[in-house]
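Once you scroll down, you'll see the structures, which are given as C-alpha cells.
Two complexes follow with chain A in common, the first pairing it with chain B and the second with chain C.
Take a look at the complex of A and B:
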C-alpha cells in the first residue's frame, strides 16, 4: 500500500515535469526569502552577543559627544580616539548596582598603505579589567605582560611575532576568537604600555600620539546580579554629567536600523511571493485536478476512498514544497555564507554565520511555512475532487 | 543525450570559461585592478595574492573553454565522459586557487574578498555541476 502510494506520487510528479519545476521554483523562492531574513537577523544578533560578551560589560560609559564613536568601536571596529576625565570613573564605581567598573583607553592607530587594516588599540586597566582577564583565565599559559598584546581575529599576525604601533614594537601573545564585531579589528594592551608608546611616538612615529594622563576613553560596567542594567545606566547618566551609556539593547537597535531596508525588502518579497503563490498554486492544483478527473474517478471506482485521493493530492503538493524548500534554503544559505564579507561591509553590520541550531530552526520554519502554503493551495482542488461522482465523470469522458 | 544538448552544454562551458577569465579582471576585479598593490621596503609595487590567483584563474578559464570547444567539435559519449571528468577537475581548481592554493588578501574589506572570491566559488560550483551532468548523461 505504502509503496503504491509513493509510486503514484512519483509517477504523477514525473509526468508533468515543466509545471512541477515551476511549482518547485515558487516554493524555493518562498523558503529562500524567509530563510535569508531570519539568517541575517540571527547572524547580526549572535555576532553582537559574541562581541558584547567579549567586552564582558553590561554597560559601556563614554563621553556624551563620543557615543556614536563608542558604538562604532563595538559594531564595526571603526578606529577612534576620545577621552574624558578619569574622575568620572571613581563616581561610577560608587553608584548603587555597579558591581565592577574598569576603564579603557581607545587609540586609533595610524593608517598605512592599502594592506594595513584599520586597527583599534584598546588599552586596559589590568588591575580592574574584566574584558581580557576571563580570556586569560581560559588560556592559563598566556600572560599580558610588558609590551604584550592580544589581537582580534581580523588582525593579521601570528602568536609570538611582533606588531608595530606608533613606532613601538608589541609582542603578540594571543588571538581572540572571531565575533564578527569591531572587537575582531582591535588589539588589547595595558594602559602603562600605551602611555610609553605615546611618549616615544614623538621621535619614533610619523605622527605624535597624545594620551593625556588622568583621562580615559570609556568605563566598562558590570552590574550586580539582580540589578537592571537600564536602571543603573540611567543612574550613571544622571550622576556623572557629560556621559552617555551604551547598552546591548541600544546596539541591537542600531543594528536593526542598519538592517531595516534590507529586511523590509526581504519581508516584502516574501509577502508578495507568498500572497501571489497561494492562488497561483491553487489554480495549478485545480488544473491538475481537472485534468486528472478520470484518473481519480478510476481510483475511486477501484475502491480508493475520498480521503485517500485527497491525501494523495496533498502529498504531491507537499512533496513539491519539500523539494522546493530544500533547494531554496540550501541555495540561500550557500550564497549568504559565500557572500558574508560583502554583506558585513555593504550593510555595515556585525555578522557571523549563525549557530547550527539557529540555521536548523530557521530552515525548519521556512519548510513548515511552505508546507502550510501547499496545504492551503490544495484545499480547493481537493474539495472539487471530493464532490465529483466517479460514475458521472467516467461517463462524461466517454461522450 | 542529443547532439543539440551536447553542443548546448559545450557552449555553456565556453561561457563559464569566459566568465572565469573575466571575473577577476573585469566583472569583479581583484585589488591590483583597483590600484591596490603590495609595496616592498625598496618601494617596488607587486601584485598581492589575489593578483596571482587572477592570473591562475585566467588559465583555468582557458582550459574550460577548450573543454567546451571539444564537446561541440566531437560530442561522442567518450568525449562527454572525458570532458565531464576534466570539467569537475577544473571546477575544483577554480575554487581551490582563491581559497587554498594561492588565496586572496587576508583583509575582509578588500574587493577581492568581497566579490571576486564568492563569484569564483559560484562559477567553480557551476562548472563542477556541468561536469557531473556530462558524466551522468554520457550515453
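Take a look at the complex of A and C:
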C-alpha cells in the first residue's frame, strides 16, 4: 500500500478532531466493556482452577448442611468451622473410582496479628494429604513439622517468623503462591497440632476452641484416572449419608452465580453501547461522507474504483476503532488490575489477573469486535456516497 | 480516439424532463484540441462527464479507443480514467488536507505503484514553476497556481486525453493566458484535449470548435494550424507503455 494512502487517512482524521474524538470514545467504550467482561470471567475461572489445583482434589466432601460454607472456603476464604463424623472416611475410600482420600479440619481463627480479619485454618491429615504434600515436594527443604504452618499469600508474615492462633504459637515455614481464591486467606497445619491448639485454648485464648476427636470438616477426594468425578461424587452422596459433594463445575457455577449480576450489567452495557454505537457511528460516518462527497467524486474522476473509496472510508473508521479500542482496553485493564482487590471483595468472587495469553486473546477479541462494528457503520454511508454521479457532485448540480 | 454517438442525458424533476444533452455526436482524433463553446447550462459539462464515463448517459454510446465505456465494469472504467484521461476541473478540485505534491501524486494511487512517480511529480511541478510549493497546502496557493497543480495532477499518469471543464473560468486574463499557453504546449506535443468554455476568445487555441446550445452539439469550424508538435517542453515524456 502506497504511503500516500496513509497520509490521506491521517490528514483526513486530523481535519475533524472533535468528531473523531467522539468516535474514538465510542469505540473505547465498546472495547472496554467487552474486555472487562472477559477479563473478569477469565480471572475468576483461572483463579478457581488455581485454587482447586492447590487443594489437589477432584471432589470435596462436606457435611450436607455445610456445603455453602465448604464452597466459601475455596472461593473466598470466609472463615468457618464445621465437623462431621470421620467414620465416613473409610466408606469414601472404598467407593469405586476413588484413588485417594484425605481428611481436613477447618477452623475459623480469632483475630491474629497477621491479619485484619480472622483467617481460615486448614488442618491436614499429613499421612494421606495431597493438598500441601505436592507443594512440599516442589519446595525441598521445607517440612511441615510440629507447630509449623504454611500460609496463603494474603496472610502477612515472613518465613521463619511466628504467628499465634488461639494462644498457640505456630512457626511459618512456607508461603503459597497467590491463587485469588480462599486458599490465599488460609493457613495450613497438621491435624494433631490443631488438636493441641484446641486443648490449650481454654487457658491461653480469649475463647475456647473445641475440635471434637473423631470429627473432620471435609474429605478431599482424588478420583482414579478415567473415572468420572460426577459419577464418583454421586456414589459418595448415595453411600455416605449426610454428605454433600462439591465439584469444580459446581464451584464454577457458584462463581457464575455470584458474577451473574455484574456480568449482566457488563454484557448489558456492552450490548447497549454496541446497539447505540452502530447507528451513532453510522450517522457520524454519513455526516463525514456527505461532507466528503465532492472529495470522493474527485477521487472517482481521477480513477479511483468504488472499492478503493469504500476501502479508504473503512480504513479511516478502522483507524479510529483501533485507537479507541487500544485506549479502552488499556484503561479497562489498568482499572481492573489496580482495583482487583476491591473488585474481588465487593463481588465476592475468586480472582487473579488472567494469563498474558488470555489478556491478549481478550484484547484481540474486543478489537476485532470494534473493527466489525466500524465496518458495519461505514458500509451504508459508503453506499450513499457511491450512489451519486461523481461528476454531478463535482459540478454541484450544474449542467 | 473517442467517439460519442447519439449521446443524450435526460434529467427528470417531478413531471418535467430536461434534456441536458440531446443526441450529441462527437469524434475526437488523436492530437486534436477540441473546444466546446456554450453558455452556462447549455449541457457542455454534462457532455464532458459522459465522455469520461462519470455520468451515465440516458442513451447513446461513448467508445474510447474502440471500447464501449458504458459496457465496462467499474474497475475497468476506473482504470481507463486513471491511465488514459487527465481531468482538469473548473474549480481546482485539489484535496485541501494534503500537500501540493501529494495532490499531484493522487492519481498514482489508482494504478500499480511506480518508484519514479515522486520524481516525475516534482519534475512536473518544476515545469509548472511550482517546485518551491511542493510542500505547501492548496489553501496557500493563488487560483493560477492551483490550476497549474491540477494540470500537473492530470498529467502524472501520462494520459492520452486531457479533459478540461472551464479551466480558466475563475481566472484573471493574464493567468488565463498562462494556462491556455500551457494547454497549447501540451497539444503541440501530441496531447489530445477536449475542453469546454463559455469564452469565445479561446477559439484561437483549438483545432476544432463546437458550439453547444440547449443540449445540442454543432461543429462550427475546423482549424489546421494547431497540434503540429512544434514545441518541446518534455511535459508528456511520461507516457504509459
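To be clear about the criterion, the second predicted complex is superposed on the first by the 390 of 399 C-alpha atoms of A that agree within 3 Å, B and C clash if a C-alpha of one lies under 4 Å from a C-alpha of the other, contacts with A are read in each partner's own complex, and residues count from 1 in each chain.
Rule of thumb we're sticking to: a contact is a pair of C-beta atoms (placed from the backbone, for glycine too) under 8 Å apart; a residue touches a chain by one contact, two chains touch by 3 or more.
Bear in mind that the values here come from a model prediction, so they are computed numbers and not experimental data.
For chain A, the partner touching the most residues, choosing from chain B and chain C, is C.
In the superposition on chain A, A:308 contacts chain C only, with no contact to chain B. In the superposition on chain A, A:295 contacts chain C only, with no contact to chain B.
Once the two complexes are overlaid on the shared chain, A:206 sits clear of chain B and of chain C alike. In the superposed pair of complexes, A:154 makes contact with chain B only, with no contact to chain C. In the superposed model, A:339 lies in contact with chain B only, and not with chain C.
In the superposed pair of complexes, A:357 makes contact with neither chain B nor chain C. Comparing the two interfaces of chain A, the one with chain B and the one with chain C have no residue in common.
Partner chain A is touched in their complex by these residues of chain C: 9, 11, 18, 20, 40-43, 45-46, 48-49, 52, 54-56, 74-75, 78-79, 81-83, 85, 87, 89-90, 93, 95, 97-98, 102, 105-111, 113, 153, 157, 165. Across the interface of their complex, chain A is touched by residues 31, 36-39, 48, 105-109, 113-115, 117-118, 121-122 of chain B. Residue ranges on chain A touching chain B, taken from their complex, read 113-115, 117, 154, 156, 335, 338-339, 341-342, 344-346.
Touching chain C in their complex are the following residues of chain A: 2, 4-5, 7-8, 11-12, 14-15, 295, 298-308, 389-392, 394-395, 398-399.
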